[in-house]
Amino acid sequence: MTRGVVLVDPLPRIVDLIMEPDVRNRLERLGRVVISEDRPMPAEQVEELLPDTVLIFGQTDMPRERLDRARNLKAIINVESNFLPNVDYQTCVERGIWVITPAAAFAPPVAEAALGMALDLARGITQADSEFRAGNEQYGLAGNKTTFRFAGAPIGIIGFGDLGRQFRDLIRPFKNFVRVFDPWLPAEVITRADCAPATLEELMSESQVIFVFASVTSDNQAFIGAREFALMKRGAAFLLMSRAAVVDFPAMVRAAETGHILVATDVFPEEPVASDDPIRSTPGILLSAHRTGGTRDAFYALGAMAVADAELIMKGLAPQLCRRADPMTVGRFRSKPVSVS
Amino acid sequence: MTRGVVLVDPLPRIVDLIMEPDVRNRLERLGRVVISEDRPMPAEQVEELLPDTVLIFGQTDMPRERLDRARNLKAIINVESNFLPNVDYQTCVERGIWVITPAAAFAPPVAEAALGMALDLARGITQADSEFRAGNEQYGLAGNKTTFRFAGAPIGIIGFGDLGRQFRDLIRPFKNFVRVFDPWLPAEVITRADCAPATLEELMSESQVIFVFASVTSDNQAFIGAREFALMKRGAAFLLMSRAAVVDFPAMVRAAETGHILVATDVFPEEPVASDDPIRSTPGILLSAHRTGGTRDAFYALGAMAVADAELIMKGLAPQLCRRADPMTVGRFRSKPVSVS
Amino acid sequence: MTRGVVLVDPLPRIVDLIMEPDVRNRLERLGRVVISEDRPMPAEQVEELLPDTVLIFGQTDMPRERLDRARNLKAIINVESNFLPNVDYQTCVERGIWVITPAAAFAPPVAEAALGMALDLARGITQADSEFRAGNEQYGLAGNKTTFRFAGAPIGIIGFGDLGRQFRDLIRPFKNFVRVFDPWLPAEVITRADCAPATLEELMSESQVIFVFASVTSDNQAFIGAREFALMKRGAAFLLMSRAAVVDFPAMVRAAETGHILVATDVFPEEPVASDDPIRSTPGILLSAHRTGGTRDAFYALGAMAVADAELIMKGLAPQLCRRADPMTVGRFRSKPVSVS
Amino acid sequence: MTRGVVLVDPLPRIVDLIMEPDVRNRLERLGRVVISEDRPMPAEQVEELLPDTVLIFGQTDMPRERLDRARNLKAIINVESNFLPNVDYQTCVERGIWVITPAAAFAPPVAEAALGMALDLARGITQADSEFRAGNEQYGLAGNKTTFRFAGAPIGIIGFGDLGRQFRDLIRPFKNFVRVFDPWLPAEVITRADCAPATLEELMSESQVIFVFASVTSDNQAFIGAREFALMKRGAAFLLMSRAAVVDFPAMVRAAETGHILVATDVFPEEPVASDDPIRSTPGILLSAHRTGGTRDAFYALGAMAVADAELIMKGLAPQLCRRADPMTVGRFRSKPVSVS
């Protein structure tokens, strides 16, 4: 009996980035592994392998014509963690081909960093270090004139997917009242996590610390703008952890610059940020270069989740760790291809 | 019937610092309140009030001779949160006079800041902001070359009193293995909190992040020195949150300066720190000017705890929130008077 | 504009059983509601309504021919919580018709009862009451000769779906080491819940309390039999909470009868149990008449989850609360139609 | 140097009941151990040993005259877990002799059993087993006509010492609103545990399940009587877990008998209960023969806590696990000597 082909076409990732040796070994046991990681797999190679391919790890284009030739294909596992319009999702669904992505691998490090950055804004950690180095430090209560306790502060979470929910669990010991705005979810999902469903307006105006974990869709670009920032309490904190496009970025920067709110951001409209971008010297913003998710452990988790679900699929079982591409909703996402790992 | 005197002699605190209006009102209901807060209460006033005094809030000297005249005294509540040798503790115990302090009021803000500072060191938050402002930021994985995840990292806690235990509860969602070194405690107290008792050596050498929450006693001055820092793993983090005197401070600074470990400290051998102290430009140290505990809410909690326990004592019940001065152990503490609130 | 038809064909449930007034009102807002609950909806009525039907709540047969006529159908929501072979699941998938069920509604009451029954076996609660009434009670330590503490005891969970995971969260304060056997899941799902993946043999032989939460499939009928019960420690407890068919039921009863283990069961091979079934007088078994899931709140949750997901689907969003029927795995389940609510 | 005497006079306990071999070995290292466990240590032996005694484990009478002769005594550790008026507590305090008891050892098993008994009443577990055996079982919803979910039900806790607090932590996953009545505590202790301070009236009338964990004092005998039971909601549950004397026991039995409430009790006014006591056939009461605390692990914990604190005391440190006898409050307790272990 011949073993099926496991087609690995992982750019912008490479295999060693996402798989530790033991996971790589498990990958090898799934079939005959063929890898292209110095460049996207050339069309002729793809075409040649397709009839024997059982699994695709990567972002190979898979239009209807290719699917027609991939008669043994069981799953396409997107390891960029972005569903792009280069796959005929509807045909995959009809033929029982799983199209999945281990995107949740990045949730744990982002949630952790979000808490770190929130505690930084609340308690003035980076600010205090900077003042100390400048010789302007204030001791005791004098050093807490503009700080607040994160514990017990009203929190707002915008976007309550994997990331939002993991973050929620991380802050349980702080006993906050947590409002959630997520128009894609029923109230039950929010209340079961001991949070309160809220409108965007209520969340913006009542929260002391607001976290944006929402994905970009066709409907929500720049949905948080000057009007929303104006609703925030003076001195409240706003952390942008997911995608720059969901906010009116210049409005956010202005709200920090004027001292109305404190801001932390891990994402920017264009990355890398221009060397002369004035944000580099704007006060009241904690800057992070799209680096909260991209930790070594997260990339390894990405590969481990992908392989674990591939193992289930090869046994005829449903994947348990990756998210599925739903043809009905995938078209709404507005992710850009990842240019830096 | 005349009401007893409530003698309030709170310096270096003042009443408005530690009591919100409702707590102040509860104080007034405990007796006839006499306050001296612009200066320590003059001896003649103390002497005059003593026979009618039922409660002392503050740091009034109370040697045997004064206790002999304070026949109605039920409690001395130290609101500096430091037991100094100006009270005859043994005589208080013999006469059933409670001597207590609401020192635990500072534990919640310090624990919160300790987590914030630890996440800062682990994930490089202040460092990344600084690099971004200097135009040297690194995106994605490149920005994580020297960072590590706090979640799951082996943790060491030195000193497991109120502060250490509250901190332990704060990090539960991170699922760390936590070692505790505290020679004043039986193993049961440590294991019940889901931690492992450890020797100082084991803790120093096996932990990725180490927190010092220990008080200074006659036995433990500078007990963490060059030898102990050398035991630490390269790149591990050390956070000094309680008293500078428990470490060999110059050795700690050197360990950071050489890049062996990351350090954060909220305390210094002399405060305020001299304007030309080289620590102000030492890399690898996150600096905080003894400000993690002194938040407004902590001072209010101090007053609220003091008054709540006073209420119990006036009803003939045992205090529940403050710590007692044990004559047998109080002498070991080496706290200095608080010079800044 | 005409509103679509919401076809409600809920037997063996009825609408008032599963929907409180506010949920019923939300149902009415989804379209023109047509209900048949005194009998399954007659074929001619179904045929007439199909072209305008947008949602089906219930167990209506939906073969290919009917789906061909239901051109506006968006979802079939099974409120019996059993996927039976009366729906063409593959065609539904191809056409983007959601087929879902709020089966998880029963998990919370079953998990709660499972803990209650486990504490009963561990601490001898029903047994002690019975001895007291018979005049044979034993006080203090003498009353604990055969009991054990649930806290800290090694636990085994067989089947780690909604129910198993909710149960796991319910026992967190008891700090048990928890082994899980579930061949449909990758290790990651189990370890993330702070449990250890185990083989069936290891779980049976090492656990002090074993819970069966597994569904019946074509592969696992009677997979726990005499050999497995023999592996259990003397005096350990076995709780059958999901389906009788997963165990060799007579072997389980024998293991209790001989005093080898303690047993609790909520399910039986035939229900109702025959009036002369000897199990009614078997010692060592705690009996429950398939009643742990069927609480009033669970039925209401069933309806609320069904309607909440229908609301999402009508807005073009993915359901969030119900489980989907996967054509590839649905055929493996061996559930029987529900005969009693 | 001669080793001090460790006087062990533990009746009604015996050493092997409370100390596992490793703890016994630690006891031996504390000094020269002299045990009397077949009978209370005879006066002449006590008198002879007193001058050299450093530790007493047990209930030896220690009036002033004996304390005067016990010049090396550091601690009296009561292992019956009841402070009786046979010790001159005031003199002990004056001389720095610790008088302590590891009473909290019984809290974990009682808390666990309290939850088991509460789930039994709420979900009808013993009742359902009994009906099944009688051939009257009801399946599904019909079997839940009088049951309720413990999860989410409003809970009342009367007495919030070690036991009440441990119980509170055990039920956290059930997400109840918890009211606490404890007139010896300030509100802070209650709210920190995420409970609401309440009056007895409010607690009785608003709770679905009420737990009595209060000790008996001179002030609270029979403080829960017919008036309080009448305040309870029909069908609510009342669990008496601490001391029979805090309730009007006949009134409690009547409230169960009439079907007004469900009751579970682990304690009785006279123990053992008379063989013809009508409570043995009263419906609506779950009976337990003062056996929820007396588990083997609890007795071993008692001994381990006693020895661990003795080790600290011998090092000049404060005990950490046992409760102290406060001369000012110890006189209020109205415990009876323990007649059965």
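Going by the order they are written in, the chains are A, B, C and D; count residues from 1 in each one.
Here is the rule we use: contacts are C-beta pairs under 8 Å (C-beta built on N, C-alpha and C of every residue); 3 or more make two chains touch, one makes a residue touch a chain.
Keep in mind the model is a prediction, meaning the values are calculated, not measured.
**Student:** On a CA-centroid basis, which chain has its centre farthest from chain D's?
**Tutor:** So the chain farthest away from chain D turns out to be A.
**Student:** Just give me the whole-number Å value for how far the CA centre of chain C lies from that of chain D.
**Tutor:** Distance between chain centres, rounded to whole Å: 38 Å.
**Student:** Take the average of all CA coordinates in chain B, do the same for chain C, and state the distance between these two points in whole angstrom.
**Tutor:** Each chain reduced to its C-alpha mean, chain B and chain C end up 51 Å apart.
**Student:** Name the residues of chain A that each touch 2 or more other chains.
**Tutor:** Counting only residues that touch two or more other chains, chain A contributes none.
**Student:** Draw the chains as dots and join the ones that touch; what shape do you get: line, ring, star, complete or other?
**Tutor:** Chain contacts: single closed ring, each chain with exactly two partners.
**Student:** Please name which positions on chain D make contact with chain B in the complex.
**Tutor:** My answer: residues 90, 93-94, 96, 184-189, 304-305, 308-309, 311-312, 316-318, 320-321, 326-329.
**Student:** What does chain D use to touch chain C in their complex?
**Tutor:** 17, 108-109, 112-113, 115-117, 119-120, 122-123, 125-126, 128-129, 131-133, 135, 137-144, 147, 149-151, 169-174, 271-273, 275, 280-281, 286-292, 294-297, 299, 340-341
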